[in-house]
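Two complexes follow with chain A in common, the first pairing it with chain B and the second with chain C.
This part shows the complex of A and B:
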């Protein structure tokens, strides 16, 4: 092997990026918190979800390039959640895995990461997923108790240990429970959204209409068997438990507002997503890998963009980042907002979707905030969330991205082709958006 | 599926005080010998010589008379296929009785005859038809897990007879007793003995649990790539089965209009073809006839019968099941004997038998075989829920004095779908331990 010693004069040219196929997905039905999955851990749910995907695509015993997933509400013992999950599934145990966390953007960001590695030729196939349990939430000891215990642990003698423990106070025993608030503002996400909704003048009626449509569309999708190869039942549950097929604007209009203040409050439990348990996973691969495994690409993962806004010191709304990410993504791909056949805008709150759409129609916002000459314009609302979204399905934070990628890919495939836009807002003023094409 | 009663009656104490103990049946495992002990081949029919030669080549010891066997006889194969006069039936007794007396535990008696329907001479028909009565009676006399079955040849071809005799000798037929199988003159290609279904793609409906899950496992063990099908609501159990057999899970409702097309599409696009379909999905909705409501009647007919007719249109259509393919339906003893409270179920399962008979003729020119198994009392979650007394009666009232296992049903299906069983079509084999019901 003389050539081994021959020095190379120039580094090899980079390989051209490859197309990335979305081959399919799987999720367990999403369940409102403290319901059927109350005692299921994140690892339980993600394992069941990945195993369902493995069964659907015949991957038992396969070594995949990687599995990437994450959870927003996560126990400290789950530091290696995804790898531990893989070891419990039917995937080959030599399949590597890692965890990520980008709040509600986790699932989509995981897909972006896997897709990028496939595009670069670093892996041929991978699974992107996410899971969250609002029921089996981590409860931490108070900071006082934690400091006391750590001090006792550091103590070198029995006396010193006793002295450290003597510092314990009754108040230290109150556990610290995770809260759905922004650490830097102390406001809950709903309160943040209520501010933005009021600022943009989003009406209660419009929000309730969007919520009713979400339930209607999701129910219809179940009824026509759309989820037969997207969902695997779990713990006796075979449909999303938040789904109300008989939901109407009339019924929704009777609910009392839960976010916002006074008469102007518009956001109710009906037009906001509930705390939810669930998991999702998506199978991504190169064209060659798909062909070798006789799998038909449902859609191509074309491009993605992430944005963040300054909701702390700036005057932008917490959930407005997708409004910034989308125009950058469109510009890079030479597309207009109207060049899509389907739009999947995550319904964190009905008001989130409506504000985002309104912002894109607003000449001032588009000029001043987005730096555009003209507004992005409006979209054909019949193309929005056609198979329902988070208001009906529920929103296990990290699992939403996988739900949307798989559903949109299948929808595009069923339609015989087309282009779809995904937009997901996330805590911390972030947003992840992506384009799929079939 | 062991309940308290079973634990007690099978305990050493119960054995000591004389409670009859069912024999632990010899069940097939790849690599185990065909029979435990030498096989006596006698009778002088037109297949005996070929069977003896094949057994020898398969490494199975054969003897000509019971006295030749050093110990017990593992099995008896009596070929009376050329007997034309009732007087010749004596041979059955003269050759068989000494061997049956020396039969080992889990022994086998296989009688080979000629299908009376292919004969015209009255004496010949009488003679050959008589074999069935003798075999069925003998089945009821045999003890210690031994069985008696009859193979009726419709011609002179050896292949089909050999395949059926092999099935009845082996542990695959552990719970098959007192059955008659007709074999035609089709010839079959050679297949690997340990993995006869290698390279075949098999679809099993109702595969999430019970008998269906076992069918998936046995077909996979025999080499097939399995597509496990069940309703979306059973998807989690289905995924576990599909992953265990390294196949794929396909969630669909067999009663949907799209079911057949989706099965064909999945099998061909994912696995490159479709060779075997096992229509196993079925439900019960029991109610006395006069109280039977619309929903109970209709849902049983839809799932157990009409869905099969509909799916078969796509499965047997262009680009569907390959020529030389296999279809197996799961009928039931209730479709033969009837069951109180099961007019709907009995009708659907009897209908399945009619379907198998008619369809087997229709697709014969494509070398596709269509057969059915009719399970008797099989130990499943479903039978575990039957009330105690009824369950014990169902379990004991058969020649083997015990319930069968899902694996027993699966093994019979796995034989039907073997390449070597090309000559077996339009048959209904009961997997019931020769139940007294419907006998």
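This part shows the complex of A and C:
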């Protein structure tokens, strides 16, 4: 430490940020909950996924700058999930790691964090990932039982302990199971989305068309071998189990609505994502590190933005935050919504994608909510989710970001260059969006 | 001419243990020339997961390196309970085990297993024999195991003891994971391995066999060691060897100390005081 008498020197000039390369990714096939991965834990799936990435890119024994990942449905014993995962992989055990959690934005936010550290020169390479199991979900004791047990634990005498335990009621034994419900509104995510979809007049047909396209595109991507170096089979599963290659608008139109009420209900199990188990991971690095390791950058991680909306007392829809994040990201990068070759808009529900696109086309919304002079406009729908998205692949919450980053980076590389936009909505009225370029 | 016995299903271990209690072995110094096989064994993912949880392996979709031993173990028991097998099965002590992982095996691959006995030889405290297991997938050998069992009997003081490698390299290694192995450890491992040998289950069932408490299965301790070293060992081309020294009396707290060299690791599993060696494990690749 400098002594008080030492004259204070001017701090060093900040280093200019570096370009961040997406070198590749790996995921296990996503599986509908209570299927082939029913007994696999988050740590198992993330370990298999990271080890697959390590094998694919020759990282065994490497000390990386950091590994950042998370899970949305997480057991309390998994407080150090990512570090524990690293210790179970072939990465060098001196690779640091930490957990993050931003609902369905977890995977993409993890990539943003690693990319930022690389850009600042704080680390040279890292892995961003995410995992979720809806099957091996944490079940907690009821609040009544928890308070009773804590009181008994605090008690200093056998008598006091007995008194505390005497407070037990039969109802306390009903366990608390995690629910897909917003704590502040009591509505499920699907119910929230149904309100927004009705408000924006999103039709059943449009939703079913988007869902059918998702299945068609994902199946085609598997068939042409697109996922050969993006997916590693796990527990006997080699393709996403939710994928229905023969899905059609006609078949989807026969399903009964599950969210929303009455005749206006449009959201079905076919145009909403199912509960899914799975994990994904992405390798990010500086140009120098990539060159030293003879790895080819697939795309550059250019920029990212997060937004949140007031869906509780404000009148914005729960999953509308990306609609706000994207224009801010575009403005900062001097781009228009049409300046992209590929759009990856996470299909939490078909209606989410359609509402977001409609909002960007709507002059009133863009003026009043986004403060823009003109609407962002429409996009070329043939550039949307070209290799399928969550409606077909499934959506293990924290794993979706990594799936999209790796797939988009590879798509841009295959196309010989271009620009891609990622948009992911998240519980709590949040959204994470990013730009990749090749 | 080797007699080939092909089994359609796993032999019933409880029946083998029950009838083994009546057999005393014989003085013959030749092994019956017999080979037990099973073909196209399909594993249940749930069984592998249950085993992985007990031994602390991650569920990666490939078998833990010790798992094929479980598939071969009932066949070992069949060989050793055969009429002409010279050593009595009950009371046989597992003193050493070798494993060779040629390549990792996927949980869903159909396994062919063959087991035979070889190399019956005197030991200072009796006689010992190797049970060799070979596991194949569609004609390709993917895993080999050699389990050495000692049957206490007439002593042969002139036979030189086979000692594990010197643990001198571990002198400077003071740290390592510490595991509390509860009284029920043997029962948990029995439930996932099928090895219900009474010496592992409870003090009451171990006492008649000469142990004051239940003792941990050697293959459990070995599996825990390999699970702990897991990612530091290669997935393919691994040769692993364990020497079982003093049994782990349950309950117990044990410590694992390991030294890593470029193509070898050497570990010792011992009590926390460090004056009882339970197992020495050497891995080479």
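By definition in this document, the second predicted complex is superposed on the first by the 430 of 438 C-alpha atoms of A that agree within 3 Å, B and C clash if a C-alpha of one lies under 4 Å from a C-alpha of the other, contacts with A are read in each partner's own complex, and residues count from 1 in each chain.
By definition in this document, contacts are C-beta pairs under 8 Å (C-beta built on N, C-alpha and C of every residue); 3 or more make two chains touch, one makes a residue touch a chain.
The shown structure was predicted, so the numbers you read here are calculated from the model rather than taken from an experiment.
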Practice item. Sticking to the clash and touch definitions up top, decide whether chain B and chain C on chain A clash or fit. Key: clash
Exercise for review: Would you sort A:72 into first (chain B), second (chain C), both or neither based on which partner it touches?
Suggested key: neither
Check your understanding: Should A:39 be classified as contacting the first partner (chain B), the second (chain C), both, or neither?
Key -> second
**Study point:** Partner chain in contact with A:57 - chain B first, chain C second, else both or neither
**Key:** first
**Study point:** Contacts of A:234 with chain B and chain C, given as first, second, both or neither
**Key:** both
Check your understanding: Which of the two partners, first being chain B and second being chain C, lies in contact with A:47: first, second, both, or neither?
Key -> second
Point to revise | Partner chain in contact with A:295 - chain B first, chain C second, else both or neither | key: first
Practice item. Applying the touch criterion given at the start, work out whether A:88 contacts chain B, chain C, both or neither, answering first, second, both or neither. Key: second
Point to revise | Location of chain B clashes with chain C - one stretch out of 7-15, 169-177 or 295-303 | key: 7-15
Check your understanding: In the superposed view, which residues of chain A touch chain B and also chain C?
Key -> 48, 51, 90, 233-234
Study note, to complete from the structure: Interface with chain A, chain B side, in the complex: residues 228, 232-236, 238-240, 242-244, 246-253, 256, 258, 269-272
Review point. Touching chain C in the complex: which residues of chain A?
Key: 36, 39-41, 43-44, 47-48, 51, 87-91, 93, 233-236
Check your understanding: In the complex of these two chains, what residues of chain A are touching chain B?
Key -> 48, 51-52, 54-58, 60-61, 90, 225, 227-229, 231-234, 238, 294-296
Review point. Across the complex, what residues on chain C touch chain A?
Key: 45-46, 49, 58-61, 106-108, 230-232
